[in-house]
Amino acid sequence: MLRVGIVGALGYAGAELIRLLRGHPEVKLTILADKLEKPVALSSVYPQFRGKLDADIEPADSERIAQETDVVFLALPHKVSQEYVVPLYKAGKIILDLSADFRFDDVTTYEQTYGVRHLDPKLNREAVYGLPELFCEAIKKARIVAVPGCYPTSVILGCAPLMGKEYVDPHSIIADAKSGVSGAGRSPTPATHFPECNESLAAYSVAQHRHTPEIEEKLSALAGMPLRITFTPHLVPMNRGILSTIYVKLKSMVDEEAILKRYQQFYQEAPFVRVLPVNTLPNTRAVTCSNFCDIAIVVDARTQRLIVLTAIDNLVKGAAGQAVQCLNLMRGFPETAGLL
Amino acid sequence: MLRVGIVGALGYAGAELIRLLRGHPEVKLTILADKLEKPVALSSVYPQFRGKLDADIEPADSERIAQETDVVFLALPHKVSQEYVVPLYKAGKIILDLSADFRFDDVTTYEQTYGVRHLDPKLNREAVYGLPELFCEAIKKARIVAVPGCYPTSVILGCAPLMGKEYVDPHSIIADAKSGVSGAGRSPTPATHFPECNESLAAYSVAQHRHTPEIEEKLSALAGMPLRITFTPHLVPMNRGILSTIYVKLKSMVDEEAILKRYQQFYQEAPFVRVLPVNTLPNTRAVTCSNFCDIAIVVDARTQRLIVLTAIDNLVKGAAGQAVQCLNLMRGFPETAGLL
Amino acid sequence: MLRVGIVGALGYAGAELIRLLRGHPEVKLTILADKLEKPVALSSVYPQFRGKLDADIEPADSERIAQETDVVFLALPHKVSQEYVVPLYKAGKIILDLSADFRFDDVTTYEQTYGVRHLDPKLNREAVYGLPELFCEAIKKARIVAVPGCYPTSVILGCAPLMGKEYVDPHSIIADAKSGVSGAGRSPTPATHFPECNESLAAYSVAQHRHTPEIEEKLSALAGMPLRITFTPHLVPMNRGILSTIYVKLKSMVDEEAILKRYQQFYQEAPFVRVLPVNTLPNTRAVTCSNFCDIAIVVDARTQRLIVLTAIDNLVKGAAGQAVQCLNLMRGFPETAGLL
Amino acid sequence: MLRVGIVGALGYAGAELIRLLRGHPEVKLTILADKLEKPVALSSVYPQFRGKLDADIEPADSERIAQETDVVFLALPHKVSQEYVVPLYKAGKIILDLSADFRFDDVTTYEQTYGVRHLDPKLNREAVYGLPELFCEAIKKARIVAVPGCYPTSVILGCAPLMGKEYVDPHSIIADAKSGVSGAGRSPTPATHFPECNESLAAYSVAQHRHTPEIEEKLSALAGMPLRITFTPHLVPMNRGILSTIYVKLKSMVDEEAILKRYQQFYQEAPFVRVLPVNTLPNTRAVTCSNFCDIAIVVDARTQRLIVLTAIDNLVKGAAGQAVQCLNLMRGFPETAGLL
């Protein structure tokens, strides 16, 4: 059994990691930790675990974590995460980092986007972007994986099969994404206060969300040319789920069937992508608490645009589940282990 | 006092008409009616009116309605509505029709879109499209007004100031609209069953929603050229409100300030359009139960796109409130009478 | 026109006071204030007021408030409120205090319940409990009114007609109350963070909520004997509304009709209490944004218990609306002025 | 592997049975059926199963079901269920019936409560009430189990440890229960239409809900004397979960610690009952999608009442999970198999 630790167990992605890893056949959770002064009982924060896992979340100490684990999942805010990643990696651990710290090929983009210095650009070069549907082989060989978050996962999986296709204008991508509130994390804020966000709907960070450069870097690499996209996130009064509605200009008319075939082929080896049949649209309920990404395509022949719709659970395929999927690849477990 | 009747009082738009017209200083509600076999007490359907308006909703009979009213609001499904509009108009009534039956300049488009025959194409030519911010003068002179619904109002008000502007590509419009569930009406359906739509999010009628041709007809007229748009409606788990996120390609770069100025000027006489200051985004909560349309613009300089965001209450500015606003113009009342 | 100020305009009850008083025919809002270092624009906190009331909320300064007002509404936390009430009262203002500071006849109970010292027990004796359905005459003569909050209003109005009735055991009252989240105020907390309280339901402060002694003091006075009740509040994932389900033991069997008659008579002069007909149950939606209290009674003959159900909007009849209703009585305006 | 069929797979309890039994190590789902004219794809009704279980729900035919199964779960409406139970039982199948048809010891009470005739009173005598925490030994020997639903489970588990205790007045029980909307089933109705029940709260079937006689029959047996309770169900705007707040009069004062100890002992062998520590209250979120029942007790010393709070997931411990737990006992599997 692999000894696994979670740093950042207080947050929603951390709790989801606990839920999934508890049920993973090859894994034993040996330590739960977070930025804390003193231990707190897991069940006092997440009462759903009472009687299932009666453990404490402990103050995160890299040395102790290194001693008790073979693998460490980090579900910490950016910048904080690298402070743990670097020593744990040097201590020989396998790292799955859910923060943004190691997601960028170009450290400069990271530093500009997040306004912080990267602690270890050299290590950054070793990190693999943890989107298994696209980078499966690299993940298998990696010892450090930077797991992408919810928005990039939902947009990149929606666009990837189109990149490099002549019939698509890659510069025309507009992604209109709608997220449940758990995506904003576990810290109370005015924007996530129930009476404020319930029965309301709003966009935020329009034209300046920091996931945009991350999406662009990955899509540019796939397209083989520098791309810019328009990305608009919205906050929806529900707990979980992201629906992204993606608009792409078709340079020549291609019928829906041909594009659907392309998507089916592209994802035929991907156990967690469900390309929906014609006339079936995704909804976030259908993927709640699962690691699936549902994708539908619609051709708007009148305007010669392709509309791609993707739905994921932001905390599973958009965070914890994707991290577990990466671990499965890294260690040669079945890709779906602990995830179905 | 104007004697006013409401046909379609059972529906959500009908109830909203009752709420607004009850508080209107120039109006007396003389009859509430709907397609019914026998009368039902208003308070049994809408208990909020108990003790405020203890009336019955009666079976809709055109002759009786004609006798008891000067003005008739019709909040009925398309096709059904025209069956009442035609005789009531002929009986000399002022008509405010909230259905789609008289919204199209081109009857053929109406007939194709809705799959029904129009009963009176000649009368259709007299009907004015009841969007006061654009057609104020025509509404003032009209005796029959076809009040636009929620999606067209939110999209057309968002795009109108751009039509005819050289710096905008009018063929590039993409409107991604998100609606609360009351927009689907008062009849229970699987899609609006609480456990199905709560905690879920989905698009519907992608690339084929029947409000698209209506929006296109009006924007084409404003732009002076035939336009096609991509319009995607979504169902959001909240009761009221529509947020439309509209994407338009800029042919040349224009700064945010200049465009904001354009919107402010365009709507400077419009008491119900609030063009939001820079860095302020609309949310549906801010317009709930009001007749306001909040509009914000953001220039995405990196992609040379303009993002317009509009928020309305689908039952007020998107239905009943807009109808009352039209009545105010038609009768020379202050435009805001009964609406603030 | 009465010059009216609101201290505590930042909170939800404050915002509701603004909404109601803006529409009140006899009132002019002259100052909005709160505990602040510097002014903030009302529309930046409550964007619904943009274009309707473009005022600032100012730092609360008792002297300045005294100069600019005839009447002051205070929607502040307990203990803070009395610091403003005392000087404003001494400056001759009419006071409507929505805090708990002047609600108790017995200052000792107040001090024990809230763990603070009362600043002015003498002034406390002049304050009248602002529940118009019970204390109408005293309110008319008062210069300072302590407006009861949501839970006490919903429970006391439900029980009052039974107090002193021989067929009821006054010591048997159990009130199971369920509140929307706005009742918890505008400050974000873990308990009101959307992903925590959405899709969840819980009781809180069981057997120790501080509204219990307030309810008991008032019901004891009505019953003419000291009473204790069991009161259990619950937090429900919705914005507004309180439903209280109240259980009372019948000492002798009385039929539903007789009790209903009692309620109808008791509230026959009360414009905001709607005693529902037999077989009709209240729901919070029917009172949302209104000052009504809907009451239903059901006799459980099998167990010889009476079940009383009451519904109010916690921010209107449970706060701001009730305060306005008190003002109307104090100044001889129609009791419903500004409230229908 | 046990061959298991589900009749009533279209409903929410049916879908939950599919979810749980798919993950059960000793079970193979061989047939999904419901009252249908022709087969429908499971994924068209419940898209979450797409790619996990791509089966059809078939027209329910008792003969065919008998051939393909060893065990049958029936999640059908009362009265309809017995039409399948009787022939399937006679065909030698093990029966887990989630309807009310075999829950009553006294067939007359059943017939009066549900207004239908019982098809097989003799078979009814063989059926065991499937509440494992109370009837474990009988369930182990049963071939037909009548699985209790959500309200009875939440109330009976909350009261059982008190039955027969001298310090409790068994005639004083009042259960105020609050349920999520999935408890109302999958058929759209006006009461469960999203805009009607969202942002609203109401009681229903006050003093006449048909689960009352069922609860009374079971508690009376435990108490050894005939009891009547007051039971009030409420509909809460959330998908899942039931919270029951139960009030019981203490005949003599007993301290919280002693009662807590009683509950802990009573449920010490029960893997799915979590008696919460002092000062910890249950919430429905903590049991969502799990088979746990969380129980807390609070003594209101001032009024000498005990308040018991229980939380379950209405579709799991209140339906499908409980049925699986019964199967585990009937077949000698670990009680928690497939449920953690």
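We call the chains A, B, C and D, going by the order they appear; numbering starts again at 1 in every chain.
Everything below uses one rule, namely that contacts are C-beta pairs under 8 Å (C-beta built on N, C-alpha and C of every residue); 3 or more make two chains touch, one makes a residue touch a chain.
The structure presented is a predicted model; accordingly, all values stated were derived computationally and were not measured.
Chain centres here are means of the Cα atoms, and by that rule the chain farthest away from chain B is D. Ranking B-C and A-C by contacting C-beta pairs places A-C first.
Rounded to whole angstrom units, the spacing between the C-alpha centres of chain A and chain B is 39. One finds 37 Å separating the Cα centroids of chain B and chain C. The geometric centre of chain A is 46 Å away from that of chain C, both derived from CA atoms. Within chain C, contacts with two or more other chains are made by residues 180, 198-199, 237-239, 282-283, 285, 288. Listing the residues of chain B that touch chain D in their complex gives 12, 180-182, 186-190, 192-195, 197-199, 237-239. Every residue of chain B that touches chain A in the complex is listed here, in rising order: 171, 174, 176, 178, 180, 196, 198-204, 206-207, 228-230, 232, 234, 236-241, 243, 245, 247, 281-285, 288, 298-303, 305, 307, 309, 311.
The touching residues of chain A, when paired with chain D in their complex, are 47-48, 50-52, 199, 271, 274, 276, 280, 282-283, 285-290, 292, 294, 340.
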